[in-house]
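Take a look at the structures listed below.
Both of the next two complexes hold chain A, though its partner changes from chain B to chain C.
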Partner chain A sequence: MAVKPKVPKGVPYPDELSKIDYKPPQKGWMDTLVEFKPGTYCYGATIKNIKALESPNQREWSSKDKDWKLPENWREIFLEGMEDRLRKYRSFRLFMDICVRCGACADKCHFFIGSGDPKNMPILRAELLRSVYRKYFTAGGKYLGRIAGARELTYDVLKELWYYAYQCTECRRCSAFCPYGIDTAEVTIIVRELLYNLGLITDWIAGPVVNCYRSGNHLGILPHTLKDTLDTFAADIKTITGIKVEPTINRKGAEILFVGPSGDFFADPGTFTCMGELMIFHELGLDYTWSSLASEGGNFGFFTSNEWAKRLHYKIYAEAKRLKVKWILGGECGHMWRLINQYLDTWWGPTDFLEEPVSPITGTKFENAKSTKMVHICEFTADLIRHGKLKLDPSRNDHLKVTFHDSCNTSRAMGFLEEPRYIIKNVCNNFYEMPPNTIREQTFCCGSGSGLNAGENMELRMRGGFPRANAVRYVHEKYGVNMLANICAIDRAALPALMDYWVPGVGVTGTHEMVANALVMKGEKERTIDMRGEPLLGKEAKGDV
Partner chain B sequence: MGTLFSFFVVIILVLIAWVGVKAANLHFLFGIIIPYIAILTFIVGIIYRVVRWSRSPVPFRIPTTCGQQKSLPWIKDSKLDNPSTTLGVIGRMALEVLLFRSLFRNAKFELREGAKLVYGSAKWLWLAGLALHWSFFVIILRHFRLFTEPVLFFVPLLESIDGFLQIGVPLLFVSGIVLLLAVTYLFLRRIFIPEVRYISLASDYFPLFLIFGIASSGILMRYFFKVPVVDVKVLTMGLISFNPDPKVLEGIGILFYIHLFLICTLFAYFPFSKLVHMAGVFLSPTRNLANNNRMKRHINPWNYPVKVHTYEAYEDEFRKFMKDAGIPVEKE
Partner chain C sequence: MELNNLLSEKRSIILERWFDVILETYPADTSSFLKKQKNQFTNPVGYTIYQGIEGIFEGLLNGIDSERVSPFLDGIIRIRAVQDFTPSQAISFIFLLKKVIREELKNEIGEDGIAEELLELESKIDELAFLSFDIYMKCREKIYELKANEVRNMTFRLLQRANLILNQVQDDPVLNSPELNSGQDNSGEGQKPNFKDVDDIVNLK
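Up next, the complex of A and B:
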C-alpha cells in the first residue's frame, strides 16, 4: 500500500515538482537576469554571526532584499580576491582557461536534473564566473567583450554568482565526467570565499561555524552536555542489550582518539549510528577516548573559506597530541573525510607525535593512513569482520531490505566504495544495489550537502535530491527496499525528509547502526528490538503464542 | 549570433588570403612571413600559458577519485581510475589523453512518464571527439612528408594505412574524411542539442569552422585542384631549414595559400583560446595527482598560520562544567 508523501511547507507536491522543463529559454543566459525563487535559497547570516566570522565587510543584510548594502568598492574587493586566488590555486586558473564547453557535464548535476534551470548545468555555473574572468583577466575578453564570452561584473551578476554558488553542493559529480577533470567545486568554493569577503554568507553555514569554533562542534554542544548525551546513549544500549558501555571523554593516554560528526549526537537516525560505534568499541575492549573539543569531524568552515576550514580543523591533531593518543579513528561522515583525505595533513601536519595506525585487535597496519594517522571506521570494522573478530547475526537485520547510498565526498574525493559494502553484506541478508549510473563514483548527491541542508530552501533540496530519490524508488519498487544506508551525517540528517517526500516508506540508517543490530555481544540479553526499539523479525509475537 | 560571427570571420580569412595573394601579390608575406609569425606565436604563447599555470601552485591534493581507493590489502583497488602511485597516475593520464577516458563515462538521462529518470549510453560525443583528435594527429604526421628529406620512415607506413580503402588516384586518405565528418558532427550537435547550443560561444564555433576550412581546402588541393607538390616541398623544406626560397612562391596555386593561411590562423589563435586544453589537460590537479594523501603529506607552499581556539582557552571557558561532569581537566 502506498504511503502518502510528507510534503514540507511551501514545497509543491512531488507530482507537481517532477514536471520539469529542460528546454533552455530563447534568450541567451547573459540576458536572463537571476530570479530569486522562494524555497531555493538560504537566508543571509545575522550580523552577530557575520561579526563572529570576522568577515572583512560586516553589516546587516538579507538575501531577500533587493539592496544588499554592499560596500562602495565591492567590485574591487571581488576582483582583487579573484586575482589573489588565481595566483594561489592552479586548479582555479586552469579551470577558468581550458573548458571547451563540450557539454558532457551539463546533465550530470542533480540540481539541473531536478530543476531544469540551465544555470545549474555545471558548465554554465562555472561560466557565470568565467565570463567575469574573461572580462577582467584576459585581453580577448577585455577588448572583444561579449563576443568573446566576457561580461561586466554588475550587481546583478554578483547576485547571480551568489544564488548559483549556493545551488551547488560541491559534490564533484561533474568533475568525474569532464574530459579535463574540471571541478565545479573548485569554482564555487572560491566564489563562496569571495562572497564571504563581502559579508555575503548564509546563516545556516555561519551559525555552525561560530558554534564549532567556540565549542568544538557544529551544534554548540558543551562538554557536560556531551557527557549527558553519551550517558543517555549508554542507558539506551543497556535497555536494548543489557550491557553497560562506558565511554570516556578527554582521557589522557588512551590508545585511540575517536572523532565523529556531531550530527550523530543530536538527531535520529544518526544517534543510532553513534550508539552502534559505542557498542563495537565496548565489545572489543578498545582503549579509546572522545574529546569534548575535537567533538566534530565535519567542518562548515569549508563552505565559507579555506581559512575558516583550516581554523576549525586545528583541534583534531591538537587534541590527539594533548591526550597523547597513538592514532585517530574517524566516524561516518562525508565532507569530514574529504577534508581528512585531501586537506588536514596539508594544513596541520606533519603528525610526528602520532604513530602509524595499527588495529589493536587484528594487528592490521593501516598503511594507507601512515601519514595522516587517521583511519575510517569502515576500514577498521571491515578489517575486524574480515578477521572474524566480530560475532555477527545478520538475521537481526532481516526486517530491513537495504540499499547503499555512496556519499559524494567519500566516493569522489577518496574512493571509499567497497569497505562499507563489505560491512553491509556481512551484517544484513538483503542488500540491493541501485542502478550503476547512480552509485559509486557516479553517485548522486543527497541534494543538501555543502551547507545547503537548511529549512528555508526545502524546494531546492527536494529538487536536488530527485535523482538520488529516483534511484531509491527504483529499488524500492523492484525489490521492496525499505532502508537507505549511508556513511555520512548530512545524509542521515537530509535523506529522511527526501525519502518521506519522494519515496515514503524508506528509512535512513548509518552503516554502523546495522552493525550494532547484528553484533552479538558477550553476555548480552536476548535481543527482541533493534537499535530503534522496533521489534526484530520473528520476535514480535513472542510470548503471545 | 556566435555561429554567424565565427562563420564570417573564417570567410573573411579566406578572402584575405585570396585578395592578398591574387590581387596584391603578397606571396612573400603569406608564404613566408605569416607562417613564421604564426609558429612563433604558437610556441611563445603555449609556453607563456603553461608557465603561467605552473606559477600558480597546487595547494591541496585534490584528485577526483573514480574507483576504489587503496586501503586494506584484500580490497582490490582501482589502479587507473583511482591511482595511488605515480605509475598509476601516468596510466590514468594516458587513458585520459589518448582515449578520453572520462568522456567515455558520458551518459544521458531522460525523464519519463511517472517522474522516472532513466539513464542511457551516450558515446557519440566521445567517438566524435576521439575521431577529430586522432584524425587531426594522423594528418599532421602525414604532413611530415613535406618537412623531412629523406621522408621519415613512418610517413609512408601511415599513408598506406590511411589509404587502406585503395580508392582513386591519388589514394583517398580516410583521415581527411573522418576529420570532416567529426567536425561536422560536433558542429551539428552544437546547433541541434538545445543545452549545448545554449552554452556555446563564438569561440566554440570558430575553431570548428576553421578546421573545416583547413580540411576541405586540403582535400580540394589533393584531389581536385592540384598544386605543384614539388614546389610546395621546396617551400616547406626552406621554411623548416630557415632558408626559404622565394622563387617557388609564385608558381603555387591560391588554394595552397588559403590552406596555409587558415593553418597559420589556427596556430596563432591556439594559445589564446580554449584550444589550450591540449596543454592544460596535463596540469589538471583532479587528474594528474595520486590519491595517496593519507600516505604521503602534500605541501601547500602558501600554508600560513591562522588564529585558532586553543584547548587552554576552551578549558578556561568551560572548566566548571567539565569538572562538574567529571571530565578531566588540565588545571584544577
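Up next, the complex of A and C:
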C-alpha cells in the first residue's frame, strides 16, 4: 500500500481531489442566513407613503440596503408588539404553542413546492417567529435556548422574518391540512404587523393603502375619473352591443350599492368583467349606484395591520349608510370577501342600518348575508340564471375552452365553490375542471396575493404560481383549454403573466366577462365580436373588426 | 453501438442516480420531498424533473433531435431559471449525467471501444448543454418581458383615459366633426388629413 504524502491539515490528498462533492453544504435552518436575492422581494415603502401611513420609524430606507435604519430600540419595539398581541389574541398564543411539528402543512405551500426553499414550508416559516417566541416568552426557551428551539432576535433574524413574511400570500392552503387548525396566514399577518411597527413595509402595499384612504380606491382614482372610466366602458359596450348603459355614481336612495375591485377599472382583462357587470345591471333595470368613496372592494390595509384593514374596510358601510341604500352587492374580488365573511362582524358588526338582502328580480332572500348585508355578485347572478331571468346564448363563448381557478379567499374563507361553476356552465359550452387536488378547498394560489403582485419580485411570483400553472397546463394539453376563469381581481392582474411564462396560449378572464358575452340584451344589435373585440365563432367573415 | 446497449441495459439505474444527484442540488429537506411525493400535481417540480430526464436520456440514445429533446430540457430549465440558482447551477444537471454514466460504467470503460464511444457520448451531452443555455436565456428574457408587459398594460388604459392616445378616433364626435375636418385642410386629400395613421394606432391596441 502506498504511503500517503504528508500534507498540512485541511488540505485534501490527491486522490480525494478527484472526488468532487456535488452536494451543496448543508447547515441547519437556524445557521442558514437569509440572502436577499433579486426577483424574490419587493421594494421598501417610500418616505412619502410611510408618513401617510402614520407608520412608526419614518425614514428613507430600501429593502436592498444592508442598513435598514432601524431605531436603536427596535428589538424592544418588536417584542413589546409581540407581547401585546399574545395578550390580545388567544389564537396567536395557541398558534405559537400547539404545533406538534407533524409536517402535514410542510409540502402544501405553493411557494415551497415551487421554490424548494425549506423556509417556505409553512411549519418552518412559522417557526421563524416561534423560535423568537420561545426565547422571550417561555421559560424553557429562555433557559435552554437552542435545545428548546429558541433563538435570539438578531438583526439577521429580523431580516429573515421580513423576507419570508413577504413570501407568503396568506392563502391558507396549509391551514386546510393542519390537524390543529393552525392558521399560518394569521402568523404571517402578525409578523407583518410587527414589522410595520418598525416602518418595514413594502411600497407595493403602502401605496394602495394610502390611495385608498384618501380617494376610496387603491389606484387613487378621483370621482371625475371614475365617471370617465365608466363612460368609456359604456362607449365600448355600445360599440359591441348597440346598447347604451347608464351607470350612476353616488346616487342617494338607490336600492343597492355596488362595490367592485378597482383593479377592474384600468387593466385588461379586469375591464371586461366590469363591463359585463354594467351590462347585467342595465339589462335587469337594477336600481343601483356606484360610490366614488367606496370604489374599492380590495383592502391592502389587510396586508399592513389590523387597524388599517379595519379603517379602510368601513368605507363601504359608511357609504352604504350615507347613500341610504338597502343592501350591498359586491363584485368579483378576493380578499374583500374574506374580510366580509370572517372579520367584518368582529370589527364593525352588527350592520343594523341596512336591510337583509333580497333580490329585486327573483325575490330570493340571501339569508347567508343576513348579518353582513352584502351579497356576492356570483350568488346574485347564479340566482338570476336559476330563475331564468337572463337570456343567455352560451354558443357565443364557443371560441373558449374554459377551466376555473378557485380564488383562495372565496373558496377557503367562505366555502364559495358552486356558484361560479354554475354560472360558467350556463354561459359556455366547454368547461373542464383541473385535477381535484388543485381546486376547491385545495386550490393552489396564483402566487401573487396579499400584496405580492409587484413587478420586482417576478421570479417569486413565477415560483409560487407554478403549482397552479402546472394544473392549468394539464387541462390545456388534455382538453385544449385556452381560458382560465376566476372571480378575483388579483387573479386577473397576476395570472396573465403566470400563463405567459408557464402555459402560453391560455388567457385569463373574469366570470362575468363570459356572462356578458353570452347575455342576450333586449334590443341589442347582432353580436359579431366578444367583449375583447375578437370575432365570435362563425362571425369572422361578417365581422367589422 | 456497444455503449448504447449498455446504457439501455442500465437505463433505470442511471436515471435513478441522475435524478438523485439533481435533487441533491436542493436543500436536504426539499430533496426528500421532491423524491418521495410522486403526485404530478402536488409535486410538479419532482415530477417534471423525472419526466424531463427520461425524455433527455431517450434523446441521447437515439441521436439528439433538438426539436424532440428541447421540450424536456425546457420543462426542467424553466423551473430552475426562477429558483435560487445561478445560471451555471441552473443547467448543471446536464453535466451531472456525465458523472453518473462514468460511475455506473466504471467497470466497462476499459473494454474495447467503449472509452471511445463514451467520448462521443460526452460530446453529445455537451450539445445538450448548448441547447440548455439557449433555453435558459429564453426563460430569463421572458421574465424581463413579463415585467415590461405588466407596466405597459397598466399604463395603456391610463394613457387612453387621459386622452393621450388616439385610439377612439373613429367613434369620437369631436375628431370626426365636419368643423374639424373641413376648411382647415389645404392639402386637398379630403377628410381627416391629420389622422391618416389612425388605423395603425388602433391596431397597436
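The criterion applied here is as follows: the second predicted complex is superposed on the first by the 517 of 545 C-alpha atoms of A that agree within 3 Å, B and C clash if a C-alpha of one lies under 4 Å from a C-alpha of the other, contacts with A are read in each partner's own complex, and residues count from 1 in each chain.
Heads up, the rule we're going with is that a contact is a pair of C-beta atoms (placed from the backbone, for glycine too) under 8 Å apart; a residue touches a chain by one contact, two chains touch by 3 or more.
In this text, all values refer to a predicted model and were calculated from it rather than measured experimentally.
S.K.: Is this a clash or a fit when chain B and chain C both end up on chain A?
M.R.: When both complexes are placed onto chain A, chain B and chain C end up clashing with one another.
S.K.: Just to be sure I read the superposition right, which of the two partners does A:435 touch: chain B = first, chain C = second, or both, or neither?
M.R.: It touches chain B and chain C both.
S.K.: In the superposed arrangement, does chain B or chain C reach more residues of chain A?
M.R.: Comparing touch counts on chain A for chain B and chain C gives B.
S.K.: For A:349, select first, second, both or neither according to whether it touches chain B, chain C, the two together, or no partner.
M.R.: First partner only, chain B.
S.K.: Could you tell me if A:33 is touching chain B, chain C, both of them or neither one (first, second, both, neither)?
M.R.: Neither partner.
S.K.: If we overlay the two complexes on their shared chain A, which of chain B and chain C does A:107 touch? Say first, second, both or neither.
M.R.: Both partners.
S.K.: A:47 in the overlay: touching chain B, chain C, both, or neither? Say first, second, both or neither.
M.R.: In the superposed model, A:47 contacts neither chain B nor chain C.
S.K.: What is the contact status of A:292 with respect to chain B (first) and chain C (second): first, second, both, or neither?
M.R.: first
S.K.: Taking the superposition on A as described, I'd like to know which of chain B and chain C A:537 touches: first, second, both or neither.
M.R.: neither
S.K.: Which partner chains sit in contact with A:463 here, chain B, chain C, both or neither? Use first/second/both/neither.
M.R.: In the superposed model, A:463 contacts chain C only, not chain B.
S.K.: Between chain B and chain C, whom does A:271 touch in the aligned arrangement: first, second, both, or neither?
M.R.: second
S.K.: Per the definitions at the top, what is the overlap between the chain A residues touching chain B and those touching chain C?
M.R.: 22-24, 106-107, 113, 118, 121, 228, 435, 437-438, 466-467, 470-471, 474
S.K.: Using the touch definition from the top, list the residues of chain C that touch chain A in their complex.
M.R.: 21, 24-30, 33-34, 37, 39-45, 48, 78-79, 82-84, 96, 99, 139, 142-143, 146-147, 149-151, 153-154, 157-158, 160-161, 168, 171
S.K.: Quick check on the complex: what are the chain A residues that touch chain B?
M.R.: Per the touch definition, chain A meets chain B at residues 14-15, 18, 20, 22-24, 28-29, 86-94, 97-104, 106-107, 113, 118, 121, 123-124, 127, 138-140, 147-149, 172, 175-183, 186, 213-216, 222-224, 227-228, 249-252, 292-293, 307, 310-311, 314-315, 318-319, 322, 340-343, 345-347, 349-350, 364, 366-372, 374, 379, 382-383, 386, 411-419, 422, 435, 437-438, 440-442, 466-467, 470-471, 474.
S.K.: Using the touch rule from the top, collect the residues of chain A that touch chain C in their complex.
M.R.: 22-24, 26, 37, 39-40, 106-107, 112-118, 121, 225, 228-229, 232, 235, 239, 265-268, 271, 435, 437-438, 455-456, 458-459, 462-463, 466-467, 470-471, 474, 496-497, 500-502
S.K.: Under the touch definition given earlier, write down the residues of chain B that touch chain A in their complex.
M.R.: Touching chain A from chain B are residues 1-2, 5, 49, 52-62, 64-72, 74-78, 81-82, 84, 96, 100, 102-103, 105-109, 111, 115-117, 119, 125, 129, 193-204, 272-274, 276-277, 280-281, 283-287, 291-300, 302-303, 306-311, 314, 317-318, 321-322, 324-329.
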